[in-house]
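Please find the structures below.
What follows is chain A paired twice: with chain B in the first complex and chain C in the second.
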Partner chain A sequence: MGTFLENLVTGAALGSIYALISIGMTMVYGLLKILHVAHAGVYVFGALLGLLAFRLTGSILFAFPAAVLGCALMGYLLYRFMYRRVQDEKPLIPLIVGIGMFTAMGDAYRLAAGPYSISFEHGLAQTGIVLGTFHISFNQVLVIGSAAALLVLVWLMVNKTKTGLAWRASAQDREVAMGIGVNSNYMFGLNFMFGSALAGIAGVLVGLYYGAVNANMGEVWAYKVFVVMVLGGLGNVTGTVIAAYLLGLAETFIISSWGYFLPRDAIAFICMILVLILMPNGVMGKRKQV
Partner chain B sequence: MNPLLEIRNIETYYDLIYAIRGASLAVDEGSITAILGTNGAGKSTILKTLMGLIEDQPDKGEILFDGRRIDGRDTEAIVRGGIAYVPEGREVFEELSVRENLLLGAFTRKDRDGIRRDVQRVLDYFPVLAERSHQWAGTLSGGEQQMLAIGRALMNRPRLLCLDEPSLGLAPLLVQEIFHIIRQINAEGVTILLVEQNARMALAIAHRGLILENGRFVLAGSAADLLQDPNVQEFYLGVRSTASAKGYQRWKRKRRWR
Partner chain C sequence: MIPAYYHTIMTFTCINILLSLSIGVLAGYAGQVSLGHAAFMAIGAYASAMLTVTFKVSFWLAMPAAALVSAMVGLLLGVIALRLKEDFLAITTMGLNFIVIGVLLYAPYFGKALGIGDIPVPMLFGEEMGRGMYTALCLALVAGVVAAVWWLQRSWIGLAWRGIREAQDVAQVMGVNIAKFKIFAFVISTAIAGIAGSLYAHFLLFITPYDFGFPLSIQILTLAVLGGLGAIRGPVLGAILLTILPEYLRFIQDYRMLTYGLLLVLVMMYQPQGLFGHKSFLTEGLKRLFGGEEKIRGRAA
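Let's look at the complex of A and B:
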């Protein structure tokens, strides 16, 4: 029983991270039908900025705002000076622009931070809650709790604000939305800022969770986010969140039951292939949403 | 009195197509003006140019609304200035509720209370929409979607309402209902610019009509005059005035207009 609960918590923590990273990319896909590969680069930027702020101030409380502000700015700049210029081209062009940007970002991070893992330990990492054989760490509480709060924020933003309404409308028909006075390009910029800020927070959380940050940490994520997006039914935020948690839990339980018969990421991709064969439209069907 | 909307000799390229080839038009405040023409004449392009929806267009010419230049401005600014647009093909946001569609129509407005009152006003105006205000717009019938598209445009409290083929794909009774609504909106003080293929319906409610062919206006006049014009009767109203000795239409008459 203790193992089951611990797997549940570990899986949920992993799923929380998948969800936070994937939401930004899913929203961009929903709005612009662009596969924003460079999003994983924004996530690494958040982790590095968080680490920098932590080193400078000695408190993890400063890591989060640094990552949020830095990544929101980066997301805006990526949109304004890169995607906005190619958003009306064929989908392959923004995809290749994104891949190029992602590669360049990876190299820039390696130049700035070196190719090795950098420790991101904080004092509370060893603390936690122990109930008999059941153990839950502070980091897990932090990751699951902040993800839950942020997911509520995302839901409110998308469903209860004027900006969210404009996002949903633009996702359905950009030309009509513009025709009735929605300043779509501005809304897309806001969307990039919002999604990038979430990815930045995810970066800091991952750094804290694993106790280390690495300039290469985005490499696998760039592709893994695809898995989550596709499972969630491309462009569907709710589906993406569900898929993120399902994937996190599936990975954890499969590995805990059968061990690493394959590398973790191989398991994720096999999950994706199986789900796509059985449910070609992802876990939420083919409803369109932001 | 100056016209509310004045289009002066605009030329528009749509992609590589020279779509509008020097068109001028004046719409008086309080009137209904109809632009008629066949498929591909450039009717929709005129409205899209007016709304600033075609990037970097018009290529030449000026558009004045209430005496101020609006060509080259962002659509958002044009809409905020008091022009509302109902696109062709009753384009509502199918996966948003009826109420959300209406709220989007007031996107450029900031007065929360006024917006709430106007949602109620539009729902009172279209009782069918009120019954379905929480349903997805995609679940509405064609006529209801057209009413929603018009209601959404009214949410902007426009001085000028531009409608692109509101009769498209609707059953004749619904077309009559939609045109009745348009006339009623006009009676409440909104100036209307209507683009239509259905010349008979459009001229029945319009004060003035213009005929567009190949990107140029070839004929303009009061609705009554146009209804009497033999060329309009023959080519747009389907009244056969004459048949030649050999029994085919004398299509060459059309060329006089160019």
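Let's look at the complex of A and C:
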């Protein structure tokens, strides 16, 4: 029983991280039909900025705003100077541009931060809640709690604000939305900033959760986000969040029961290819909603 | 006597030209982009290495067999590709790269993380091939593949591929069997990648799964994209440029992935037809320099 609950919590924490990283990419796909690979680069940027802020100030409270601001800016710049130029080309062109940018970013981080893991320890990591044999660490509470709060924020932003309305309108039909006065390019920029800020927070959370930050920590996530997106039905935010938690839980339970028979990412990609072939609209079966 | 160093560079240039052409056939002619071509190189390399090491088959049989095995996996991917469009095909091929590496790493049969060592040097007339002979073999294969691709491109198969790339629906209405030609493009392309893998294995004599990871797929794509998809000229010149240039600009070695990444971004944004493609600033400039249309031969298909 203890193991089951612990797997549940570990899986939920993993799922929370998947969800926070995937939301930005899913929203971009919903709006622009672009697979935004460089998003994983933004997430690593957030982790590194958070670490830098933490090292400079000595408090994790400063890590989050630093990551949010830095990543929002980076997201905006990526859109303004890169994707905006290619957003109306064939979908492959923004995809390859994004992969190129992500590759370059990964190497730039390696040159700046070195190829090794850098410790990101904060004092609270060892504390936690213990109930008999069942143990939740502070980090798990932090990750699951902040993810839940941020997901509520995303829901409010998409469904209850004018900006969210403009996003949904642009996602359904960009030209009509522009016709009734939505400044699409501005909205897309805002969307990139919002999604990137979430990725930045996810970066800091991952750094705290694993106690280390690594210049190539984006490698696995970059491509796993595709899996989450495809499982969730492309561009569908709710579906993506559900898929993220499902993937996190499934991975944790499969690995604790059967161990690794293939590397994690290979399993995830096999799932993705099967879903793409058999259920192209995602497990949730809905389409084109933000 | 040419120093061994130049043999190495020439051999790698040949291998890269083959890989680049392989992307060129798939993406340039048939309009299907693969982000996982390192997987097919891995399949070719492993097939060839295992046949010669475990089953003591001669290299001259193992290499065609490697191309065949790679092409069979390519056939499977081609069938899958029929259901996927553009960017989703791309991420599927990317996933395939991760899956192939995962299988090679975890299945007990393939030597796991240690890979396969002691791959024999190919024999020619009863003795081991020298470096020079091996380079000559690579050059001959490049010439053969270029000739074959050139012939394919001029034939009605090339016409059908271009039709699929430009307007699939129209091609279908005109009576082109889309499924058949798409799969055929995958088979040809992956067979070429398999040959490149076999040449790689018998040159380095030692392979591990890590040699064929996703970064290599990106590098292969960069070769073809930089040169310009769609013509033989583009992928070949792109591969030559990106293999030889870093040798002379040694300081680039440490920033290799940075350079490749930025090249992909810049070329895709500002010269999507590549440096040597149709109407690129380089070919236009050369035309202006030498004057006259007819000086530039073999223009982009």
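Note that the second predicted complex is superposed on the first by the 280 of 290 C-alpha atoms of A that agree within 3 Å, B and C clash if a C-alpha of one lies under 4 Å from a C-alpha of the other, contacts with A are read in each partner's own complex, and residues count from 1 in each chain.
Assume a contact is a pair of C-beta atoms (placed from the backbone, for glycine too) under 8 Å apart; a residue touches a chain by one contact, two chains touch by 3 or more.
Just so it is clear, the structure is predicted and the values come from calculations on it, not from any experiment.
In the superposition on chain A, contact of A:N183 is made with chain B only, not with chain C. Once the two complexes are overlaid on the shared chain, A:A104 sits against chain C while remaining clear of chain B. Applying the stated contact rule after C-alpha superposition, one finds that A:Y210 touches neither chain B nor chain C. Put simply, more of the residues of chain A are touched by C, taking chain B and chain C as the two choices. Within the superposed three-chain model, A:F253 lies out of touch with both chain B and chain C [touch as defined at top]. Once the two complexes are overlaid on the shared chain, A:F138 sits clear of chain B and of chain C alike.
Look at A:A169: by the touch rule set out above, it reaches chain B but stays clear of chain C.
Common to the chain B-facing and chain C-facing surfaces of chain A is no residue whatsoever.
Residues of chain A that touch chain B in their complex: 162, 165-166, 168-169, 172-173, 175-183, 287-289.
Chain C contributes residues 33, 35, 80, 83-84, 86-88, 90-92, 94-96, 98-99, 101-103, 105-106, 214-215, 218, 221-222, 225, 254-258, 260-265, 268-269, 272 to its touches with chain A in the complex.
Looking at the complex, you find that chain A touches chain C at residues 35, 82, 85-86, 89-93, 95-97, 99-108, 111, 223, 226-227, 230, 260-263, 265-267, 269-270, 272-273, 276-277, 280. The touching residues of chain B, counted against chain A in their complex, run 51, 53, 74-76, 79-80, 84-85, 87, 91, 93-96, 100, 103-105, 107-108, 152-153, 156.
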